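Take a look at the structures below.
Both complexes shown next keep chain A, but they swap its partner, so chain B is in the first and chain C is in the second.
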Partner chain A sequence: MQYLLQLLISGLAIGAIYGLIAMGFAVIYKSTGLVNFAQGEMTMITAYIAWTISTTVSGNVVVVAFGAILAAILLGLVIERVVMRPMLGEPVFATVMVTIGLAVILRSAINFIWDAYPHGLDVGMGRDIVRLGGIGVRTGQIAVIATLLSLLAAIWAFFRYSKMGVAMRAVAADDRTALLMGISATRVHALAWAASSVIAGIGGVFFALSYDLSPAMFQLGLKAFPATILGGLDAVLGSGLGGLLIGITENLAGGYLGSGMKEIAGFAMIIVVLMIRPFGIFGERDIERV
Partner chain B sequence: MRDHLRTASLLLTATLLAGGGALAADPGITDTEILIGDVEPLTGPPALLGVAASIGHKIAIAEANNAGGINGRKIKYVLEDDGYVTARTIQGAKKLIEVDKVFAMLGMSGSGQSIAVMPVLEKAGIPTVIDVAPVKLLWEPPRKNVFVVGQSYEEGIIHLVNYLAEKNPGKKWGLITQDDDYGITVRDGFDSVVKSKKLNVVYSGNYKKGQQDFSSDMLQLKDSGAEVFLAGGIIAENIAMMKELEKLNVKPVTGIFWPGRVEPVLKLMGPAGDGIFAVDYVEPFAGEAGKAFLEKAKPLVSEAEFKGINRYTMSGYAAAKVLIAAIERCGKQPTWACTIGELEKTKNVETGVMAPISFGPGIRFSNQKLQIMQADTATVSFKPVK
Partner chain C sequence: MRTGDYKQTYGELVALIDSPPVWLWSAVLMLALIAAPHVLNAYALTFLMIILITVTGALGLNILTGYTGLISLGHVGFLVTGAYAYAILVSKYHMPPLVGFLGAGLVPALASLVVGAPSLRLKGLYLAITTLAFSFIINTVILEMRWLTNGARGISVQRPEILGISFDSDAAFTYLCLGIATLTLLATLNIRRSRVGRAFVAIRDNDTAARVMGINLHAYKLLAFVTSALITGLAGALYGIYLSFVSVEGFPFLLSIEALAILIVGGLGSALGAVLGTVLIVLLPEATRLVFSLFSAQLDAVFTTGAQELKSMLYGLVIILFLRFQPRGLVGAWHDIRRAWVNWPLRY
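Right after this comes the complex of A and B.
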């Protein structure tokens, strides 16, 4: 029983990180109809900036968190304004290719700006181990699960009740009609990129806190993408939950079927789910897949 | 008319022969300069080894240049980035040979990359000393112009497992390896000792390259009751494994391999990494030789480069020293043939960072002596085990 519980808790912890990054994918898709293949790299850049703040400005958790969120907003806005906005109206394939190019550039930037060594993000908390009935878990892992759940609630409220949330849904549903209703699509797109960068960046910072920071961190994006597909490419909340499902499935497969099964379990799961619900567990039926 | 043409062609031939020193010489060498080329991963996660190795080459080159160069010629180092992508390694090597026209080559990226680039090097016949990833396919069969400084991965693992087995008789063993050529080599070395020493292996895992979360793998290891553990990760994987074990409150006797024997890794492992064993053929920085090397390197590289020094810097330095010494022994007019001949005659060359290096007729692998080290987290260093 303890073995199973340990697998579940570890699965939830890594799944929460996948979930946050997956929500980043979904926010952009929902608002712009675009799959951002640079999501993992944006996550990594935010985590590296958080580390730089912690080592050069202050290791205080509030300073690091505030600085990282600000940096993530800026990163999202700059990418939207400089790279994505000129692509408005261009074929989806070309725009997706631009995000792939962006991913390669951001990945290489790590070595140019920082280095290839792994680093630990130390903010004075998050690394301690708590033992709950013999089950070991790091405080950072508990925090990331709590953060994901809080964000799920906040985002649900945002899309449901806020004016901007409704505007984003309107643009996603029909950007021309939304335009006629006085909604600025470019403003919505900019907000989506900033929000996506922050949400995924939070995932990256928690990953760096619980594990470490390395130039291989962008691969988290590859693990989070199936979570988005599983939850529904246009379902922000569903993507978050999809992350948790992928994390748990991976860990159970790794724990009971062997190490080799861990990495493929999540993908096997999405194949099965997509055969039954091609639009994902929480996705809407009428979506265009890329 | 015909006589005039004959006279002119004879004169032209004589002129070419008279001034022939420069024209007949091998590429990459002028009256003032010798070009040495290198392809390394300078971007992406493997840059950890590629950048460090190139710093080692730069240190040896700077040292030689400060001493007047090779028989009066300054060495110019031309470095290409392959991003750890095999196609780019081949492209980089071809560019260095055909466009930059270098005189000799160093480094040559990771194991897969250096194996792939071998036909290019062999066809060109350029003197090459490989130092980053010594794997058997690079020296078996021996290639006339390609020399390898280091020790094979397989021998390294055998040495480490033998040591741990001798110190921990009758214990239960666990192993995890990466699902690639590196992992296969580690597993082959491990299996050979398991067979000969009849080790009791209770856990054997295989993870996918790029895996970052090892919670279920380490839980399986704990559940198996393994008391001695060979962590077959490279860099970040070993850190993640050790931190998971710490979380699970278990501390088996652990051995790691030299690609991960870099001090920042130890720092990130924290207390979880204390006392882990490692095997290597280059000296630890905590030893006298390591300290002396750092002292030597400090004035020769930039502050950023100095921070990037790790064990690969030492192997790169040793390889460059051997190559430079061989070119130097060829005198005022070094050629590829002479350099290859002198590399072959390399006998007990002291570099200060590893055991003396030797090659020989038909021997293209230096077969370095291995040593066991143990991590000390208090000083964030690896210390030799006596």
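Right after this comes the complex of A and C.
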């Protein structure tokens, strides 16, 4: 029982990180209709920048958090302006391939700029262990779950009530009609990329806080895929919850079936889910005209 | 005066090669390729081998992604299955290499049924991600089935001897690759001009419309998966033999992306494009290295220390630039040049 609870809690914590990155995917998908295959790499860059700030400027939590968020916004905006905006109006397949190309470039750039050794992000907190009913939990793990939940609420409200949120949904549904209605698609896309970069970046920084930075971190993006797919690509809330579900499944599979199963539990799960619901658990079915 | 390239009969439309000059140049190219192993040095010959093996794999992916429009991000899964099937049959159970190649085709084809069948209801990106999941699952399966695959230790593979002919030397192995690549090219071209190929393209253009016109979507999508996996598996076996060692690390996820990059750079949905794209992508790092070394020794040094990173950055950059400026790929550029040549001095 103790073991099960331990697995569940650490599954929730890693799942919250997946959930944050998956929300990054979903925010971009919801407003631009694209899957951003460079999400894992963008997450990684934000985490590396946070680490650089913590070692060179100051290890203060506020400074690191502020710097990382600023860097993530900048990263999202630059990528949108330089790489994605010229592709506006091109077929989806071509644009998605551009993000794959971008992922390759970013990953090599990271290896080029930073070294290949693992680094721990130290901001003086987040690694202390709290006892909750006999189970050891790191404060960082509690913080990431709380962050995920509050961001979920905030984003739900944003898409539901704010004018910009509605505009984003309109652009995703049909960008030409949205343009005719006077919505600036470019501004919507820029906002989506910046927001997605920040949300996923927060996940990346939390990952660096609880585990370590390493060049293999881009795999977080691949791990968060199943979460996004599970929730449905266009469901931001679903992706966040999908992340938690994947994290728990993965940890239970790892704890009871062996480490090989841990690696693929998420992927096996989405194959099963997609067989039953081809658009994810919370995703909306596409209606096509011929 | 000739005003265009008109096809007047159905036979002309589906002809494999539609004009005498193309016949001539194909023959010249074939002769050059046959002579190449005796002319090129060992270093250049490696590139020729890689190009021929990669062409086979790219043509395999082209059937699925280029013709049928089903995006696969997990084709490396079929590549690694083919390589392992060959290695296990030939190195472990000492079967003749021909049986090995047969297995390298059939095992991925069976695996493709397993991944294809659940994917029939999926479209676009959802399908891409299922294939991605498949390639990760297959890697874990290979690592876990230690009794069959030696797990992470891998299996070493010898160059084969088929029907008494030894393919041990580089030149002989190049001929083997050349033979398989040529047969694959002919096979894909023939598939494209048959009823099956037209069904594939109809599914790519609009699957609902194709279904309304009486094309059995499930059967043809599965057929595309099986054909594609079979060819890719053969390429995997060749690549395994080329590496002389089959392991999961020898087939990284990047290969899937490289294969898609080849198709896009060449021109999606065209066999010629797959060939041109392969040549460009395989030679790109080498060409860049040459240009760098021409300019200065210092740049060359940077290139050797960060070679791997710069190489992959180039991949990414080339993919993005092609999608941005020449979405129809090298084949599109070639068509433009040809049209400009024929119509000169008129625009069209």
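We take it that the second predicted complex is superposed on the first by the 286 of 290 C-alpha atoms of A that agree within 3 Å, B and C clash if a C-alpha of one lies under 4 Å from a C-alpha of the other, contacts with A are read in each partner's own complex, and residues count from 1 in each chain.
We adopt the following convention: contacts are C-beta pairs under 8 Å (C-beta built on N, C-alpha and C of every residue); 3 or more make two chains touch, one makes a residue touch a chain.
This one's a predicted model, so the numbers in the text were calculated from it and none came from an experiment.
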Quiz item: Should A:214 be classified as contacting the first partner (chain B), the second (chain C), both, or neither?
Solution: first
Exercise. Give one of first, second, both or neither to describe whether A:120 is in contact with chain B, with chain C, with both, or with none.
Key: first
Practice problem: Scan A:111 for contacts with chain B and chain C and give back first, second, both or neither. | Solution: both
Quiz item: Does chain B (first) or chain C (second) touch A:260, or do both, or does neither?
Solution: both
Quiz item: Touching A:268 in the superposition: chain B (first), chain C (second), both, neither?
Solution: second
Exercise. Could you look at A:3 and tell me whether it touches chain B, chain C, both or neither (first, second, both, neither)?
Key: first
Practice problem: Give one of first, second, both or neither to describe whether A:75 is in contact with chain B, with chain C, with both, or with none. | Solution: neither
Practice problem: Share the list of chain A residues that count as touching for chain B in one structure and for chain C in the other. | Solution: 107-108, 111-112, 222, 260, 263-264
Quiz item: Given the complex with chain C, which residues does chain A contribute to the contact?
Solution: 35, 83, 86-87, 90-98, 100-109, 111-112, 222, 225-226, 229, 233, 260-261, 263-264, 267-268, 270-271, 274-275, 278-280, 286, 288, 290
Quiz item: Residues of chain A touching chain B in their complex?
Solution: 3, 6-7, 10-11, 13-14, 107-108, 111-112, 115-120, 129, 131, 136-138, 207, 211-212, 214-217, 219-220, 222, 250-255, 258-260, 262-264
Exercise. In the complex, go through chain B and note every residue touching chain A.
Key: 42-48, 50-51, 83, 176, 179, 205-208, 210-213, 215-217, 219-220, 223, 235-236, 239-240, 243, 246-249, 262, 264-265, 267-268, 307-308
Practice problem: Sort out for me which residues of chain C touch chain A in the complex. | Solution: 71, 118, 121-126, 128-130, 132-134, 136-137, 140, 143-144, 206, 208-209, 212, 254, 257, 260-261, 264, 306, 308-313, 315-320, 323-324, 327
